[in-house]
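Structures incoming, each one as structure tokens.
First subunit A sits with subunit B, and in the next complex the same chain sits with subunit C.
Right, the complex of A and B next:
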């Protein structure tokens, strides 16, 4: 069953410049993504490709000057602001990127128990903390007393205590050492196996690869490829978008070579054409204009004209 | 120039040692990896070596070989505001220094922080931040993929990865003898990471700069470093990896 389906999602910000002139800038452009129950989909992409915005758009916590268009379906139902408000914290859970999302003046145990509006029992909390390797005295500590890794685990337990059906984790492994990162990803895998849909936003491809069902690659505010995890193996020839291939070869455990040519400044942000066209070796005139159609290939899909 | 740390120890409170008895030496032109569990004090070691904080015990010393005499001159690193040698801190992240009465001299050990947004003055535009130590040449900026348009912005208007590249330009403009990279690229995607490391390695080779790479990313460390040290597991010798990437 598809828990979350995103169709043609665009997010834009209105900004003022020269005092009174207003301009809207698109940050996400025609993004497509879907997650099924029991699935763990990893979302990877360059920094600034709009990964966090995607999470915030689904949760309905975009900043005030942002607007969005497109369709988001939660279990086939259109995700409206009212529905988002009703569901978030209960069926929709977010593990935020920054540890500053914790209330600095509240003991973490209390925060976790009160998450999502309801109050949960101490025993429930204790068993959850034990599962994440947090000792019972941590419950009475304040966020400033915890290390970065501990705060991260507190955040993860906040999101998972409520039995959410859709969990969006935004960079849950950054700042954790390899074993802890792996353990965290394994927790999300367990949650997926228990029937939740998990969207794992990360740039650490290597730690999520063994546990993910599918990988969605974001670039320049749009999703350019969704591929099963096993496509990311060998020399990456199974990947169909040139950006995904470049990302794979640039990993330290592979070639560790950046694509040749200009330094990567920023992807083209205009709505028209492929955002990677400036760096792509086989870019043609057709890549510059219009919306690049989504092409379904046996497993997953790709947004590239040249893909076979 | 050689950077030597002997018997370093740091504590948060009496009898609450973060680490003790840590020895390490950085040679010019050598790339050293430093690994250890989170919370073990890797960033604290970086701060001590770059002279932001004083160790509770032990010493970090920069040894400069004097060409004409057959001996070395050592100068201790560190000091909060003004230390014994008269180095004075000026920069927001403290690593530019001035000798009293003398010219402004960039500090020979530069540190790249894990969180760039905490290492820059939020009220300064990037232009001023990047030129804090010395004016970086255009070549360096383009090598690091810094868009000239960024320099007219404030730090909050750039993403973490973009800001990190500016911090790197700031440090490299000073032409340091040693660069300490504390999780420098952990917030970047693989392509940008590879790009930045290739640029830094090129500069290090060209200038004979010594590098200390602190990272959790084992494949990255293995790829980059001439040697890897695990100061917390000195007993466990077989964990020492010596691979040239």
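Right, the complex of A and C next:
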């Protein structure tokens, strides 16, 4: 069952660049994505490419000067602000990336218990903490007293307490050493195996690959390819978009060649054409104009006219 | 917890003693250098009837013929015994004058202090929640105007408008003129205190409002507010748990640390409204060369301001978990 389906999502900011004229800047442009129950989909993109905005858009907690267009469906139902408000902290959970997402002046347990607009019981919290190997005294600690590993487990536990059906993890492995990163991703795999749909946003392809069902590659503010995780293997020929292949070959265990050109984090000024065309070896005139259509090829899809 | 608190208080007391000693020496030197003639101050208006020989006798009686250092030691040892001397203006022991005047000032200062805290905090919170709208701009404009307004000028303005033109409030004094002390009601006192308290509160409002606005704006932009919303918190509960609680402490601290401005403001406000408080006594002591009273007030106001700052420090130490644990106390025990 598809839990979340995102169609043609664009997120933009409007800011005044002088007293009178307002300019909107797109950060995400025509993004497509879907995740089903029991699935773990990793969203890969370079840092600053608006991945967090994707998470915030789904949760409905974008900043005030941001807007979005497109369609988001939760279990087939249009995700409106009202629905988002009703689901947040219950069926819809966000796992943030760092300690700064906890109120520094409030005990950790108190904050975790405050999910879904109500206060959860102590026993519920205690059993949840036990599941993640957190001792009961952690409840009464303040965020600054937690170690990196404890912090991560506390943040993951916030998602499980509400029994969320859709969990969005925003860079849960950033700044963690390999072992801890692996442990964290494993926890999300566990949650997916229990039936939740997990959207794991990260720039760390290597640590999510063994646990993800599918990988969505973000480039230039849009999703360029969604492929099953096992496509990222061998010399990467199963991948159909040149940028996805470049990402794969850039890993230390492969050729370790960095992708050509600088990472394009924002949509190009003109949204037309393929955002990767400047660096693509097989780019043709057709890549420069129009919207590149999404093509379904075997499993997953790709946004490239050369794909076969 | 108790032990670290005792350590804290002991350290503060030590600092207060050093501060008082330094202030005594400094103020004594300044009084000595000032063109004040203590004999003239003592004799008052009858100066013409006092001969040169009598003046010398008076000076010798008060020890004024001794070198400054000896004078300071005489005064200092008396102060250490709790004797601040006799006020020449009021013909009363200095401690009595300060106690009496401070009590009537206290009512004024406390109400002004509470008023500025509440108004400032509310205005700052309103500005932060309506950031970059006309509400925010209005409050900003209001704060800058208030901050740039001298208290005594505002006092004169209020007297002119509300006392002279409209006749709503008395022209000055702490109680109705010509009324016996036992007939004065609490209502009379509040009625007389209203305008001075308003003027005195004005100095504090701008600081606290701008500070609160800044802090709350930071909190509202913070990651933990985003995450709290993501967990489904919203509305007033969200604002109360993560907004107000996190900014109330710095605001309260700032408010306690503002005792010096409060005292300085009281001197001006009481003078303008002829309100019989400690501030007015300070001005009189200065103008009439009443050295014992002046020095007594200096020492007293030092303690007063020091107490405010200490309460501010103490609040942080007790309430903020981050500072609490740094001082060695274990927050697990406290929580």
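Methods note: the second predicted complex is superposed on the first by the 296 of 308 C-alpha atoms of A that agree within 3 Å, B and C clash if a C-alpha of one lies under 4 Å from a C-alpha of the other, contacts with A are read in each partner's own complex, and residues count from 1 in each chain.
Here is the rule we use: a residue touches a chain if its C-beta (ideal position, glycine included) is under 8 Å from a C-beta of that chain, and two chains touch if they have at least 3 such contacts.
Please read all numbers here as calculations on a predicted model, not as lab measurements.
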**OP:** Please indicate which partner A:178 is in contact with in the superposed arrangement: first for subunit B, second for subunit C, both, or neither.
**Re:** first
Original post:
Given the touch rule stated above, what does A:88 touch, subunit B (first), subunit C (second), both, or neither?
Top reply: second
Original post:
Given the touch rule stated above, what does A:73 touch, subunit B (first), subunit C (second), both, or neither?
Top reply: neither
Original post:
With the two structures laid over each other on chain A, which partner does A:158 touch: subunit B (first), subunit C (second), both, or neither?
Top reply: second
Original post:
Which holds for A:256: it touches subunit B only (first), subunit C only (second), both, or neither?
Top reply: first
**OP:** Classify the contacts of A:238 with the two partner chains as first (subunit B alone), second (subunit C alone), both, or neither.
**Re:** neither
Subject >> Contacts of A:37 with subunit B and subunit C, given as first, second, both or neither >> reply: neither
Subject >> In the complex, subunit B residues that touch subunit A >> reply: 37-39, 114, 142-145, 147, 159-162, 183, 186-195, 197-198, 216-220, 222-224, 245
**OP:** Would you pull the subunit A residues touching subunit C in the complex into a rising list?
**Re:** 56, 59, 61, 85, 88-90, 93-94, 96, 98, 100-107, 111, 114-117, 137, 140-142, 144-145, 158, 162
**OP:** Report the residues of subunit C in contact with subunit A in the complex, numbered from low to high.
**Re:** 222-224, 226-234, 241-242, 245-246, 249, 320-322, 325, 331-332, 335
**OP:** Mind listing the subunit A positions that touch subunit B in their complex?
**Re:** 44-48, 147-149, 174-178, 180-181, 203, 205-206, 246-248, 250-253, 256-259, 263-266
